[in-house]
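Each of the next two complexes has chain A plus one other chain: chain B in the first, chain C in the second.
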Partner chain A sequence: MTTPILEAKELTQKFGGLTAVDNVSLHVGVDELVALIGPNGAGKTTLFNMLTGVNAPTEGDVYLAGEKITGKKAYAVAQMGISRTFQNIRLFSDMTVLENVLTALTNHYKESFVSSVLRLPSYYKTEDAMKEEAMKLLNDFGLASVAENRAGNLPYGAQRRVEIVRALATRPKVIFLDEPAAGMNPEETADLTRLIKKIQSEYHTAVLLIEHDMSLVMNIAERIYVLDHGHLLAEGTPKEIQDNPEVIKAYLGGDADADA
Partner chain B sequence: MKANLKSNLSWLLLMVVGFVLINFLVVIGVIDSFTENMLVTIGINIILAVGLNLVIGFSGQFSLGHAGFMAIGAYATGIMTLGGFDSFGGWIVSVLVGMAIAAVVAIIVGIPCFRLSGDYLAIATMGAAEIVRIVLNNMKITNGPAGLFNIPQYTTWPLVYVLTCLTTIVTVNFIHSRGGRAVMSVRDNEIAAEAMGINTTRWKLAAFVLGAVTAAIAGSLSASYIQTIAPSNYGIMQSVSILIIVVLGGMGSMTGTFVAAVVLGILDTVLQSFGVLRMVIYAIVLILMMVFKPSGLMGTNELSFARIFNYKKADKGEAKA
Partner chain C sequence: MSTFLQQLINGLSLGSIYALLALGYTMVYGIIKLLNFAHGDVYMLGAFFGYYTIKCLHFGFFGALISSMVFCALAGVLVEIIAYKPLLNSPRITMLITAIGVSYFLENGMTYLFTANTRNFPQVIKRVSYDLGPVQVSNVQLLIFITTIILLILLQVIVQKTKMGRAMRAMAVDPDAAALMGINVSGTIAFTFAIGSALAGAAGVLIGMYYNSIDPMMGLTPGIKAFVAAVLGGIGSIPGAAIGGIVIGFLETMFQSIGLSAYKDAAVYAVLIIILLVLPSGLFGKRTIEKV
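Here is the complex of A and B:
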């Protein structure tokens, strides 16, 4: 096995007396598409927050491409190559779609205060290069036509897509998607499925996905982690997870015949 | 770049035309010293409000301490031009010193204060401005509560005009750059900005420092125009009156700030003949404004030459098709 791009070792998060995540280890390989599932309150988002530096774990460490990122601030973790979307969409809603993507590119371009304030030629050069990269991404995901629209005015499905494109614009090594299919109709979910596969295949980015929509998870995930009450319940391919009696009991419901 | 050139040139032309027009009116005597006083006040208020709008409207950090930075600029100029730097060159040096001190103070105040947000941040910045005022009130070099008088007058309306244009250009250009987008992303959604690798504290601080530096320039201009300064001029009421301009014009609209500063400046001057009723009418106008248009005169919209040109182009395109 090659070295994983993201590795979490024995992560524990305690909030006062409550242990939200207990001794969880996981890894995501290069360009791998991994899903994290579990019932509500299982600790999935807490785990996400630890991996992205929003909360520091009580115990355990996180490594990104072999480098320890535990205890780093969220923006530093993001700069190192972990990007994410949010369960409840968090766009920069008063800015245009293009500006949203440009903002994500902030750290990849150098533009000095002096050159932007005096509008030196180098300012126009960087701005043009940034816009070109942003437009290419938007074009790739069918959003070029709404580039100048205010992000908050887009329909729900499009906002989700903008959020994913924005996350991708930070040129991440791993992209975390927190329930991307929430509130989507079957058609939009099918679109999303193609989109996620595209991220993995064309942008060579590993994906870690939290999702409740089992058809989506079983369809695209290469490997699945199941979390329940803060513990790691199971790990395996979609087939293995579907057949795991413990998982069926904890998550898919008591009926062993349940077809996911 | 070519498309931008046209709108940049239009703005430049507008500035030059404004200057020539005012100059012409002064020469033929339409603008007397009374009106000139109003123009200078409006200009200084624009500088202050543009800086505060950057902090409040664009980076979303509610600051009530803008007068403190104005005081720093005013006292830097007052002390230095009274104490040996009595020339226009000396005035410029005093402005630069005021800007530098304001920047340092903004960093010292900003680092602890930006752990807070909303109402708490407003109170903290207000406290910081009070500290500045009380320090000025108790130092020997600032002449305590009596303040400084007979400050040499170097501020003239052309100087105010030029500096108003310059500070606005710097601020607006900053907003339309990589840094400006980072600042606005923090306003729109701090958690998402952080997840996109934006060092939120750093960008909030950048906007705050830029706002503080422009406020210091405005302070220097006003000190050298009014010629008398006292710590009591830079209390909470001064911060609030700058805030009123920003809110009235629309938080997040620079052209709105211009419109509001001009409207309030003229209103203030016109109402002077109403004596005691002046403040009552002023207050009623503000209340009506907030009731009928709470987002301010312009909301977050800007008057923009680029948009007018694009609109025209689109119009022509349609006509052809």
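Here is the complex of A and C:
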């Protein structure tokens, strides 16, 4: 196996006396689509927060493309190539869809303060280039027609897509999707499935997915990590996970047939 | 009628100054939810810096205005780094109390260094009054008004059209999400303080020209009035702060013109109470429900 794009080594997070995540190691390969599942309260979001630099791990280290990123600030981690969406949509709801995407592009374009206030030609050049990239992304995800709408006014499914586009606009090496299918109907979930595959194949971005919708996970994930009570319970292909008796026990409380 | 029009002109000049100050309040509040009560004292620093550049370095009006804006931007960032940055993750009340502490520090520090004496602001521009029918407008009033308009337009361009402005607006909505999109949080906060403080510096020089006197305590009352203006406009809203400032300026001069000079400050504070009771989110603010 080649060097993983993202590697977490023996991560532990303690909140006072509570160990939310206990000694978890995982890795995501280049362009790999990995899912992280587990019952509510298993520590999935805590793990996400450690990987993205929101919380520093109590123990252990995180490496992005071989470089250690533990202890770096969230924005620095984002600039280095980890991007994410949120379990509860967190768009900049007052801004337009286009502005949301432009905000995420900020780091990839140099624009001097003086030239932007004086509106020198270089300002228009940068601004045009940013807009072009943003519109291309929006176009790819069927959002070009709503680019000038206020983000908060879009329907739920579209807001989810805008969040994904915004995360992609930071040009990440790996993108984290935190329950993207939450609250979606089967049709929207099917759309989402295509969209996630597209991220992986067309944007060559690795995906780490937290999701409760098992049909989605089993359908697209190449590998699955199962987290339970802060421990890594199992790791493997969807088939292996479905047949793993311990996983079935954790999820269904001992019921035999895990119908995906 | 002519008195009324005259007071309207006077109110507009005073209101412009409150507007410049209120913008700093509202921008800082928008981005880190801090009521920066030291903001009025940054304005005092601006007035003093302008005073010394004119008196000792013989700067002209524009030289003094711009150098004072730069100085205050640096001072504002310094205050942010020393006093507020270490407390960013503390409860909001901690930062609020710190802001009051910074305010006292600046007032008394300046009194210690430069004495509490009131001094005359050097008049670099010879005051001329123009008769426009029933009212008189002085060139200083025009200058205040025009400078404010230019600064407001500049601010609008920065906030709406630049990358930094987008980062500021994104942070005002959701600082955590903004950070995870790669926005440099501390840089954006420092930039906001710099812009707000530069506006306060400009206001300091303008008030020096207008009232012709400065002292280390001069920031206290205008600071609180600008805060009222920001609340009136809806704290966090930039157009709201500008309009709130003008309204407070009008109100104050109107009270003066009807012979109630002694009550002009009381009128402003009454506005604060009424706004908080009737329209807590202000004229342009968004009604938000605080989650506990």
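In the analysis below, the second predicted complex is superposed on the first by the 258 of 260 C-alpha atoms of A that agree within 3 Å, B and C clash if a C-alpha of one lies under 4 Å from a C-alpha of the other, contacts with A are read in each partner's own complex, and residues count from 1 in each chain.
Everything below uses one rule, namely that contacts are C-beta pairs under 8 Å (C-beta built on N, C-alpha and C of every residue); 3 or more make two chains touch, one makes a residue touch a chain.
Just so we're clear, the structure is a prediction, and the values are computed from it rather than from any experiment.
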Combined model on chain A where chain B meets chain C, clash or fit: clash
First, second, both or neither for A:Y124, with chain B first and chain C second: first
Touching partner for A:F15 - first (chain B), second (chain C), both, neither: neither
Touching partner for A:Y156 - first (chain B), second (chain C), both, neither: neither
Touching partner for A:D94 - first (chain B), second (chain C), both, neither: both
Contact residues of chain A, present in both the chain B and the chain C interface: 52, 54, 73-75, 78-79, 83-84, 86, 90-95, 99-100, 102-104, 106-107, 109, 111, 113, 116-117, 119, 127, 166-167, 170
Chain C partner contacts - residues on chain A that touch it in the complex: 52, 54, 73-75, 78-79, 83-84, 86, 90-95, 99-100, 102-104, 106-107, 109, 111, 113, 116-117, 119, 127, 166-167, 170
Chain C residues touching chain A - in the complex, by the definition given at the top: 154, 157-158, 161-164, 166-167, 169-170, 173-174, 176-185
Residue ranges of chain A in contact with chain B within the complex: 52, 54, 73-75, 78-79, 83-84, 86, 90-95, 99-100, 102-104, 106-107, 109, 111, 113, 116-119, 121, 123-124, 126-128, 130, 166-167, 170
Chain A contact footprint on chain B (complex, rising order): 1, 4, 8, 169-170, 173-174, 176-179, 181-182, 184-185, 187-189, 191-200, 252, 300
